[in-house]
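Chain IDs A, B, C and D follow the sequence of writing; residue 1 opens each chain.
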Amino acid sequence: MLETYLRDRRKQKDILLMTHIVLGYPSFEDSLRMVTAMVEAGVDLMELQIPFSEPIADGPVILAANQKALENGATVADCMTLAKTVSERFDIPFLFMTYYNILYRYGVSRFAEDMARRGMQGAIVPDLPPEEAGDYLDAMNGQNLSPIFIYSPTTPPERMKYLAGFGKGFIYCVARKGVTGAETRFSSDLEDYLTRCREATTLPLAVGFGVKSKTDVDFLKGKADIAVVGSQTIRLMDEKGGEAVEGFIRGLR
Amino acid sequence: MLETYLRDRRKQKDILLMTHIVLGYPSFEDSLRMVTAMVEAGVDLMELQIPFSEPIADGPVILAANQKALENGATVADCMTLAKTVSERFDIPFLFMTYYNILYRYGVSRFAEDMARRGMQGAIVPDLPPEEAGDYLDAMNGQNLSPIFIYSPTTPPERMKYLAGFGKGFIYCVARKGVTGAETRFSSDLEDYLTRCREATTLPLAVGFGVKSKTDVDFLKGKADIAVVGSQTIRLMDEKGGEAVEGFIRGLR
Amino acid sequence: MDNRGYYAGFGGAFLPEILVATFDELERTFREARNDPAFWREYEEVMSTYSCRPTPLTYAGNLTRHFGGARIYIKREDLNHTGAHKANNVMGQGLLVQRMGKKRVIAETGAGQHGVATATMAARFGFDCTIYMGEVDVERQRPNVFWMERLGAKVAPVKDGTRILKDAINEAFRDWVSNMDATHYVLGTACGPHPFPEMVTYFQSIIGLEAREQILKAEGKLPARVYACVGGGSNAMGLFTGFLKDPVELVGVEAGGRGLESKQHASRLCSSDAAIGVAQGYKTYFLQNGDGQMQETHSIAAGLDYVGVSPILSSLKEAGKARFEAATDDEVVEAMSLTIRKEGVIPALESAHAFVQAFKEAPELSKDASIIINQSGRGDKDIFTVADAFNDPRWQDFIIRKAKGYHA
Amino acid sequence: MDNRGYYAGFGGAFLPEILVATFDELERTFREARNDPAFWREYEEVMSTYSCRPTPLTYAGNLTRHFGGARIYIKREDLNHTGAHKANNVMGQGLLVQRMGKKRVIAETGAGQHGVATATMAARFGFDCTIYMGEVDVERQRPNVFWMERLGAKVAPVKDGTRILKDAINEAFRDWVSNMDATHYVLGTACGPHPFPEMVTYFQSIIGLEAREQILKAEGKLPARVYACVGGGSNAMGLFTGFLKDPVELVGVEAGGRGLESKQHASRLCSSDAAIGVAQGYKTYFLQNGDGQMQETHSIAAGLDYVGVSPILSSLKEAGKARFEAATDDEVVEAMSLTIRKEGVIPALESAHAFVQAFKEAPELSKDASIIINQSGRGDKDIFTVADAFNDPRWQDFIIRKAKGYHA
């Protein structure tokens, strides 16, 4: 189970690292290379984003990657194939991240089955609050997969508790308002917010949106369990090529 | 007096000829040349049009001549000067034709005085019905000048009589609806109309609008006293030069 | 015609003889309609089911606060079908054309606004329609030409004279004297020979009647002043008529163009470049030279770019019953800009003239007082002119790209 | 949020967690306003003094005679301030924004119509305003961009995705998730997460309420059918709401583009290219591929060129309570042309879709029956598109000359 893995791993490390890539961006070969590099660099778990044409919660960098992947012909089937390859090849948990329509069109329970069969451990679906997630929760739970839910700085404490009731594996705390990829201020406000998150759930906490340096990761130590690095690696790959990514990730902790 | 002159002259000819030119078109020298040629060709009286920027009752040919004359700088004073020259030099009656604003701005009574002083015998002002013409009639009558009024095919018999009460010299019968210069059908309708005109007044009748050949003039013989040739001479001058005009006019009777 | 439509010496009917009978018929028909109480009701019915009368009187709270004086109201003629007060006049004349049993209408147009309105009326009433439009305006106002043609009207470019509005009027008269039997000339403003000034004013008076009722309802008392732009004068007469007997100051605003000293303007009532004269069938102030030749005029607003002005306005001016001011092109763009931004309404360039003067005077009036500005039309019809007035580079890029798309 | 806005399984609120609180506030505010009888009166007051509601129901006698069947009525949403029914929605949301004490609004726009309406509302209410518009549309719809800027709005071109309407919606959401505290997102149609479909329908229902009253007054009985074009579905829902409980057939007309077989259309409810899905926060029929990726759409009418459709319409379709048809681009131009010529009204290209279907069906209906077509907007705003659709060579010359004047 994802949560157990994370708790075990946390015993060995101050903070865990989760990275994020968009599958098929710019190609599936590149995706595989990125996963390899990231695992070698020591990340503890990864989000694999199935590209969607309307990635409403994503900022410009990930948005562009989604589009490019689709233009290059990425399909959900390709993503499933890659998922199988990486979970067989590497020893860390992989999660899908995507928008609900991808699951809906695939068929939610079929999607969960196929995920499980390919060794995936969970999913993050940012446009699916638990109120809309009946089928999804049934399917995920039926396959022993972890549905990851999200906290935001605007989420009131009662709702945090409510969300915790549905989440498995960990809670994804978005560090600030806005979409992925923009600047985050690692401040006392963020600290207060994480305290509220901590009080609302016993699940491990992942913090994402704007994490892009060792300083950021250090800031999170003791306040969260997982630092999530998303747009920054894509930005790096776009600017300096995939090779730069491994070094970058090694340097984060 | 104009009417007496016309009656005398009619005793000698089946029909009289009145021609029309636009003063200052294309220049005052040309105007003088045209008058000379026309008089030599035997016309019995002439309308000299003082150009106006809004010649509402004129068709394209005379309209264009008005504009050109103004563009070339023609002024009312120039027209008065030419009027003096021609009435001193030639032995036929000259009339001004123009629109009321020219008289109005000049001062109606001053205009009449100046006309008389320069030997002009009357005026045709197509946008001045007798109802609006109090000052004008006083001034013209005061100077023994002939105000020419107009009949049209839409004028009912009573109004013809009414107009005849104000007119001096002759009545100008427009041959058809429309503006100067278009085609007129010399038909039994026209004949009926002229019969109505004849019944309404004892003044001599001039017929204009569309007279442009010997056939037209012949048609009018016995039905009217004066044939008026207007646009056709300007058209001829534009197309074949002033020299062609004299021959044309000679050929009309 | 007994009543020749004189207003303290202005007006009259200086008609070619051939039109006398036609005007007699028109005047008779109008007189009868006016005396028939059912006629005005029919007119109101048409205007409320085909256009959207009564048009609102909008309280301009933001502008009021901005100027800190009188409470500013805007009469929303821009919401009329076809986008201006011109609809009132054409629909009214359309009803008269029906009464006369005529089957064809003609009209002049400058900006194109009255042409579109007339073509619209003709489509609706099933009349044939020819619109005379100066060649210069045909070139400038292509969008309106396009719509007139879609509406089934023939647009006849006038290539004579200065090739603008006054020449189009002349040409319409030339058509009329040939085809008066089945044709009515729908003159677009409160000018021309009697009964046009009276008739157009009658139809436009719906503006003032509504506005008076609306302001009394909103404010409980009459406004201190009312403002309207003055081209031929129809929207001004329409508004003023509602308040003629009231202690309300009537302010007409003419096109000051590049300034009253520049000779490039269209101010007949507040510039010494104008003098009384007779043209296009009526007596009024005209911009003319000493010989009586009409002068070229200029305004940023095509609809105000005319040499003459309603004889009724001339008489109101002489009697001191209305005050006239001029607004320059630059002032107009500025007032328009402010109005759009503050209230979200887009006055036509013509209408914006009235706003200029109202804005000058509002601050000096008491906060208890109110004023009404007539928004005679909407400005979005003027995109080509307005974009040029604002000198918008991205608009120019857009047009250039568009042109390239046509393989220019 | 207790009521999640489901209509027979369509709708819902598929929200990023960060917006949940914002939607709770919006839904609460809307609920309170709706339960406050003074609120609808305030709304009507705004719509009648700032726009010109009630808009007329115009009897189209010429078209009726032309088709020889049912009596045709046209509901005149084109006469609204800013030229379309979009005004109803934005002014209503504006009042809610005031209630919430927010100071900034954002909106998406495709054709520009909703952008202009929102910018207008923002100017009037004194809100800051940003309009998201696909880069492709910014290029195509420059006139509307020009006016939005004059109105004080910031127009943000969206360079992502297909760079049209749906991408503008995504981008507006991205703004909102960053700035929800002081910002309200004025969604332009009856789509999106709950409560938008219900809320937009509520404000647009003024169309149907008026139309019902008006037709009863004019005809003494209900119409046989009512027709509205369907983009997102707001004008259709607005009209239909007035007749939902009546024995009146509701007909929605989608963009058939180059034909339903061509894949170049925007028919979600009457084409097998569409399937149920979840995007932009709600569940409905979307034009999408087997993977759930949204497809490119096409319509001559920018305002219908959208992948999704109101969940309420989807539910009406499934329940057999409304019928949906498609009109092709060519049919639209023809119907528009006929309407302009016969009645002197200029439907927007969007609205003309409704006319196409009504014209197909009018002849088969009895002469005693009546139908209502919703003229959701006016077409003169679309001069660039319409002139291209009519392929007018003189328009092209005009643009080319204009471009030369800019030293192109």
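Throughout what follows, a residue touches a chain if its C-beta (ideal position, glycine included) is under 8 Å from a C-beta of that chain, and two chains touch if they have at least 3 such contacts.
The model shown is predicted, which means the values in this text are computed figures rather than measured ones.
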Checklist line | Chain groups still in contact once chain C is set aside, others held in place | finding: A, D | B
Next item on the list: Find the chain most remote from chain B, comparing centres computed as mean CA coordinates.
Entry: A
Notebook entry, point to check: Between chain A and chain C, what is the gap in Å from one C-alpha centre to the other?
Noted result: 65
Notebook entry, point to check: What whole-number Å value describes the gap between the mean CA coordinates of chain B and chain C?
Noted result: 37
Notebook entry, point to check: In angstrom, rounded to a whole number, how far apart do the mean CA points of chain C and chain D lie?
Noted result: 33
Checklist line | Overall pattern in which the protein chains touch one another (line/ring/star/complete/other) | finding: line
Next item on the list: Would you mind giving me the full set of chain pairs in touch?
Entry: A-D, B-C, C-D
Margin query: Could you list, by residue number, the parts of chain C that touch chain B in their complex?
Written below: 1, 4, 12-22, 160-161, 166, 170, 173-174, 177-180, 275-281, 286, 288, 290-294
Item checked: Contact set on chain C toward chain D in their complex -> 48-52, 55-59, 62, 76, 79, 81, 83, 119-124, 126, 139, 142-143, 145-147, 150-152, 337, 340-346, 380-381, 383-384, 386-387, 390, 392, 394-396, 398-404, 406, 408
Notebook entry, point to check: Can you list the chain A residues touching chain D in their complex?
Noted result: 52-57, 59-60, 63-64, 67, 70, 75-76, 99-102, 104-106, 126-129, 131-132, 149-156, 159, 163, 174, 177-179, 182
